[in-house]
Amino acid sequence: MLAKYENKLLKIKESIFEIGTGLISANKLILEGFENCDIEKFNGAKSYIKNISNKTNHIDRDIITILALQSPEASDLRAMVSYLKITNELLRACANTRNFIKGFVNVCSEIDLKTINDYAIPMQKSTVEALEHAIAMINVDCVDEIQECFNKVLIAENKTDELFEMIEANLMEQSKAIEEFGKYHKMLSALRKSEKIADRAMSIASLLLFARIGGEIHQR
Amino acid sequence: MLAKYENKLLKIKESIFEIGTGLISANKLILEGFENCDIEKFNGAKSYIKNISNKTNHIDRDIITILALQSPEASDLRAMVSYLKITNELLRACANTRNFIKGFVNVCSEIDLKTINDYAIPMQKSTVEALEHAIAMINVDCVDEIQECFNKVLIAENKTDELFEMIEANLMEQSKAIEEFGKYHKMLSALRKSEKIADRAMSIASLLLFARIGGEIHQR
Amino acid sequence: MATFESKHKYAHLQEDVIKYFLILAATISILTTFGILFSILFEAIEFFKLKSFVYFFSGTEWTPGVENSQFGALPIFAGTFMITAIAMAVALPIGLGSAIYMSEYSTPNARNVLKPLLEILAGIPTVVYGFFAAITVAPFIVKVATTVGIEASFNSALASGVVMGIMIIPYISSLSDDVISAVPDSLRKGSLALGMTKAETIMDIVIPSALPGIISATLLGISKALGETMIVVMAAGLRPNLSWNILEDMTTVTVRIVDALTGDQAFNSPATLSAFALGLALFVVTLILNVVSVRMIQKFKEKYKMSSL
Amino acid sequence: MAKNKVKIAVKDLNLWYGDKHALHGLNIELYKNKITALIGPSGCGKSTFLRCLNRMNDLITSVRVEGEVVIDGKNIYDKDVDEVSVRKRIGMVFQQPNPFPKSIYENVAYAPLKHGIVKKGSGCDELVEQSLRSAGIWNEVKDILKEPGTGLSGGQQQRLCIARTIAVKPDVILMDEPTSALDPISTEKIEALMLELKKEYTIITVTHNMQQAARIADMTAFFHLGDLIEYDETEKIFINPTQKKTEDYITGRFG
Amino acid sequence: MAKNKVKIAVKDLNLWYGDKHALHGLNIELYKNKITALIGPSGCGKSTFLRCLNRMNDLITSVRVEGEVVIDGKNIYDKDVDEVSVRKRIGMVFQQPNPFPKSIYENVAYAPLKHGIVKKGSGCDELVEQSLRSAGIWNEVKDILKEPGTGLSGGQQQRLCIARTIAVKPDVILMDEPTSALDPISTEKIEALMLELKKEYTIITVTHNMQQAARIADMTAFFHLGDLIEYDETEKIFINPTQKKTEDYITGRFG
Amino acid sequence: MDKNNIFYDPSLKRRHLKSKLFKYFTLFSLVVSLVFLAIFLLDMVLKGSSAVQQTYIQVEVSYNQESIDSYRDAVAKKYLNLLSRAALREIPNQIQKNPSLMGTKQVLWMLADDQVDMYMKEYYYKIDEKDMKTLEELVKNGMVDKKFNTIFFTHGDSKSPEYSGILSAFIGTILTLAVTMLVAFPIGVATAVYLEEFSKQNWWSEFLEININNLAAIPSILFGLLGLAIYINVLGLPRSSALVGGLTLALMTLPIIVVSSRAALRSVPASIRQAGYALGLTKVQVVKDHVIPLAFPGIMTGNIIGLAHAMGETAPLIIVGMIAFIPDSPTSVMEAATVMPAQLFTWAGMPERAYIERTAAGILVLLSLLISLNSLAVYLRKKFEVKW
């Protein structure tokens, strides 16, 4: 294969990895921000996921170019198709992260610490974990290892789901006692984003799994 | 080009159109259901969007097969790439519709009619409109016409956005007077879905625009 | 359901019969070669039983008719080679030049006319050339020579040599034209695309590529000249003459063979048998030339994947 | 794959050209009414394998074949099988279109007449028409049946050769790079024809053009240096090959 | 595109073979240090156009050319231009590798010596080495420089021909389907070489293989029946052609 | 040239000049060969054209017993040396054939002696003074005239040049060539078919091939030695006969036929054979129905060329004795015969000047036959040429 093409493939992979790591960093910072509602950290997190749609558009364009000019086959083709879908997921995950920050910045100081410590922090931790494992899969070559990563994403995502359900149930219980509706609505909406990000991580992981070993392109 | 390939392309297009019309039908039924909180209608709507992930998986597989076996170029290639992303959007839109129904069935009887008549119905109407125009684009061939459709989707989607903001603002205003927090939270969450569906319609429309006339693969 | 016919014993009997008939036919050509070889060889052996083998190849006296006859064939060989050399000096440059013009410069239509025209020269019976040499060319040479004050024989080596050369031109030009045309056009284009002129392309690329074929053509020409009979019988001398002067008369192997066998000596006399000794020498030399030539042309054909020349 | 009916079963097929071991113990089952494409780098033995299936290799003196090629239950290399009759049942189409320099009609009618499939006058015209129709060239030649087949364009010539092969009523058609000497339009016509023909015949085709295998073949076999590396459904081979070598070849990482 | 430097400007180029109008008023600007691919169906005039660029068409007697081909500011069809010197500056590589039946060394050294670019002994060896290196074949042939060039494999021969062309130090290299006679591995090597060479030379290549144009060309020109239908960046042509004909051609809807 | 012309290269001037000179050299060679051909043909026509006519003298011939006893008495004595002896010798025969002539006197155009003919054609002649006077008188009286030379085409050889013709040699040639083709054609074609279609690549086929190529280039005179040694000395066939000559030429022609037939067979593309085999045909079917029919025009062309070659061959026939004096046409292949080139050789060696024009005329006849044969070959090749 021509070096030109190999390089392009590599570049795409790197760009996706870069966006992925940005996303992870942002979510990690959010986690740190949780601890003392550090608005600066939240805003810092935003800077990791700036201009993402530009970047994904760029990647998509490169992928289309490769499809048009190189007609990749087999694993290369699977990778291109997966990446094409992954950019969608990344874009959503970043949007979710941004919304998370936006929603949380306004309400974080008002939420009781227990809720945060007991649920929000573990949930976000799981989300970060899911993201980390999913993005790591981009650079893993060994089939067993990639399967292992995928399973870890699956576990982390499930945990996120469960924790969010608990938060929801918890708040609902307390809801009668709650005075200001808007605040809680916003908080729940914000926390829901974390769960959604994990969801995306899961999607990314299954797409990468497809790229690596083929089979069904697994969508949920 | 071999008939085999032309047929496959056509089949993919049809499948996507079919999912799209199912989605439209579901959302129309929801609209009807709004009028007298007809739970049967809501449930009926669900039947339009069953097993979608099976269907989209199938489409994705067909697209990959075409990419692998036929190496399409130019507009065919753009169509394949767009469809690959559209299946994602359709899947999400269907999930949103399902969640909409699930969320709304529980609360619809309790929401005051004014809110529904003034905001929810127009919003859902816009959503349906956006979907209709977006899905119609699949079968439009003339560039001017497709551009027109796209603009209509844009307008409808904007309207949906605005209406949702109004609902939110309205509810927030009333929020102090509201007793049961959970109900409103759920309602807002549910109505939010309608806005999201319109969002997806918008994405689909811009992907179809790209498929037809090329240029940037426009993502939001 | 496919069923395959089974093979029975006589299924291909007809094929085999035909095949053996063909093999038989092919064998005849081999018999001919050996026929020639042995018919010459045995009589030549008879001759060498009577006369010295060594003297035959080294002696300079050839006196067949007389008492105590001498058979030193050196002047005969010399005459043969002299006439051959003259013939080639005429045929090679003219033949090659014509071939180059036809294959490289002339239009295909002109070539289609020119080539058969030249080949007429090859189709003319040698007896006709002999007549031409004896009646027209030889007197002309004598006339020219006397006007410049040189003495020339009516049976000069020059006359038969030149005419023989004319006869050989088409052998050289035709085969050379074939091989030059067979040099793939891509080579010419390759050279011209490098900014070479046409003559440079021909001299540096085309001719070297066709060289095996050209050499082969030359060897064939030489072989033709050595074995040529009628021209020399009619236009060259009978006298064995060891000389460098091409205006003198000389004789050749073939002339002496004809002379020996049309004379009225007894068949087993050394005078008659000497024809076979000379024939043997001619056979061996031309055989070697032919084998080399055929080999070279075959290699050339294989190289350019030509089915025929 | 269980539903596929085996037409040709090749068992431990070895082939030598003199000392050169060209096919190394191949085992493969070729299915009825499918197009099987043989792909692989130059010199890997695709043509050699193809020629084993109708014993065309017998014409090369230095060839030695071991193993079995079982067609409809009969090993064609059995002693009691006449190779000429094998070639009658297993037709072959070549890279360079090679119509006989006879009329179009005679091109098609010649072999059936020789084999006694039809008699002159009785059924011959019908067979010619039907064969030319099946080869999708009837409309182009029906008015010029008396003209020489060599006067047709390359693509038409190739379809004429296919018609000629069909006329003998074979079960299997072998094709060795049938389109590599043709322009793209003719190529497409032949490809469409092959898709049509597989309804009635079993087709095995060699191709250098991977896209062609992708386009038309149901099954694809990948050869490399005389070995059968991978044999599977075409989609599988192109989207998810199991062998690294196959993947490298189809992605263009090696010739 | 504004940043591209024009190397060859073709203005209203018309060409006739006898009465046959083969090129219809072409206008095109070919850029320096780019690979431009000419694609189009068979017989559309790609090779004819290419040969106009170094006046190889002069060798065909029936050809008549009108219009201008301006290379570095000079119209090569001007009366005072010697076509031999044009061919010196505009090298050409052909479909069939055509090394001279001389040694590898002589193949490369022949033209430079004749042109007086180098003298035997002084600089000749260096030039040969350098040319062979640039053509990416030095390592394969450095020990067999005295052996005939025709003994190399097809792909090596083609690279030798490229080396030979480079040795004359041209500005532009024209290539007429340089890989269509080669196997995939050799093809890839030549393609890689072309990508390397474009750093120093302007390359115009004809190809039947659309994928090849896609892989290596910066600019692609689509010809049809003697007209230049579309000329643009390769990506543009392959993803978003403006002309229906171009789109139909590259998607395989016509030959 | 202006300095802005980047394509200006002064060194090219010299190279273009060289190129031009080279072209002129090759053109010159070609012209020289064609001039040779022209001179040659012109020379033959000039020398041979006078043989179209022959001189006749009007004299009174008396058919009586004396004439039968001695033809010298048939005409007036003073004319005796001016008339052809051979023609006079025919008078007794004429009377025998036509007894009514007996006793009559007739004024006839009698064939003149060759020297008279030479005189009339203004060549070198040898006539003594007395005869010369008579002749001049005859000429003055218009009793000497040149008429079309039918004798040349209707008679065989003769010791009197004016009475000699080409007919017996022509018949001899036909008989000889018939033998040649009957033998060489089947053997040659069969050999070619064997080598091209049936033989396997092994030492035997290679040996055959080299052998045939060599045979084609062996000097023709050596075939004469073969004929002499084998046909005449070993098999005891009649010397000088068309049979021996034909057999000798057959062996000589064989390689020409084999080589050209092989070329014709080889020009049938392998793909045709493959197509045949792939349709389930046997080897003989493929060769018989496809290969040979396609190669046939080529094979025929080769045969005709071989025939033409044999027709011009002299040397081996001299060796097997076909230069005998044959006044009457042979009627079978076992009889002594001569062939045209041998006849020409014989005439060329005669001292009489009159034979020269006959030789030249014979050459013209021979050449026209050869050219017709070759034209036929070219015509056949063109007509049946298959383009692949």
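In order of appearance the chains are A, B, C, D, E and F, and numbering begins at 1 in each one.
Basically, contacts are C-beta pairs under 8 Å (C-beta built on N, C-alpha and C of every residue); 3 or more make two chains touch, one makes a residue touch a chain.
As the structure is a prediction and not an experimental result, all values here were calculated from the model.
K.L.:
Provide the labels of all chains in contact with chain E and in contact with chain F.
P.N.:
C, D
K.L.:
How far is the middle of chain C from the middle of chain D, if each middle is the mean of its Cα atoms, in Å?
P.N.:
The computed centroid separation for chain C versus chain D comes out at 51 Å.
K.L.:
Based only on mean CA positions, could you tell me how far chain A sits from chain B in angstrom?
P.N.:
23
K.L.:
Which chain E residues sit where two or more other chains touch them?
P.N.:
84-86, 88-89, 114-115, 188, 211, 238-239, 252
K.L.:
Would you give the residues of chain C that are in contact with at least 2 other chains, written as numbers and ranges?
P.N.:
Residues 197, 200.
K.L.:
Please output the residue numbers of chain B that touch at least 2 other chains, ranges allowed.
P.N.:
Correct list: 1, 64, 68, 71, 73-74, 77-78.
K.L.:
Per the touch rule above, enumerate the chain pairs that touch, sorted by label.
P.N.:
By the stated definition, chains touch in these pairs: A-B, A-D, A-E, B-D, B-E, C-D, C-E, C-F, D-E, D-F, E-F.
K.L.:
Spell out the part of chain C that touches chain D in their complex, as residue ranges.
P.N.:
1-7, 11
K.L.:
Quick one: in the complex, what on chain F touches chain E?
P.N.:
1-2, 4-9, 11-12, 15-16
K.L.:
So in the complex, the part of chain C that touches chain E is made up of which residues?
P.N.:
Against chain E, chain C makes touches at 107, 184, 186-187, 189-197, 200, 204-205, 208-209, 303.
K.L.:
Applying the document's contact rule, which stretches of chain E touch chain B when the two form their complex?
P.N.:
210-211, 238-241, 246-247, 250-253
K.L.:
Looking at the complex, which residues from chain D come into contact with chain F?
P.N.:
Residues of chain D touching chain F: 54, 56, 59, 61, 84-89, 91-94, 96, 98-101, 110-111, 114-115, 150, 161, 164-165, 168.
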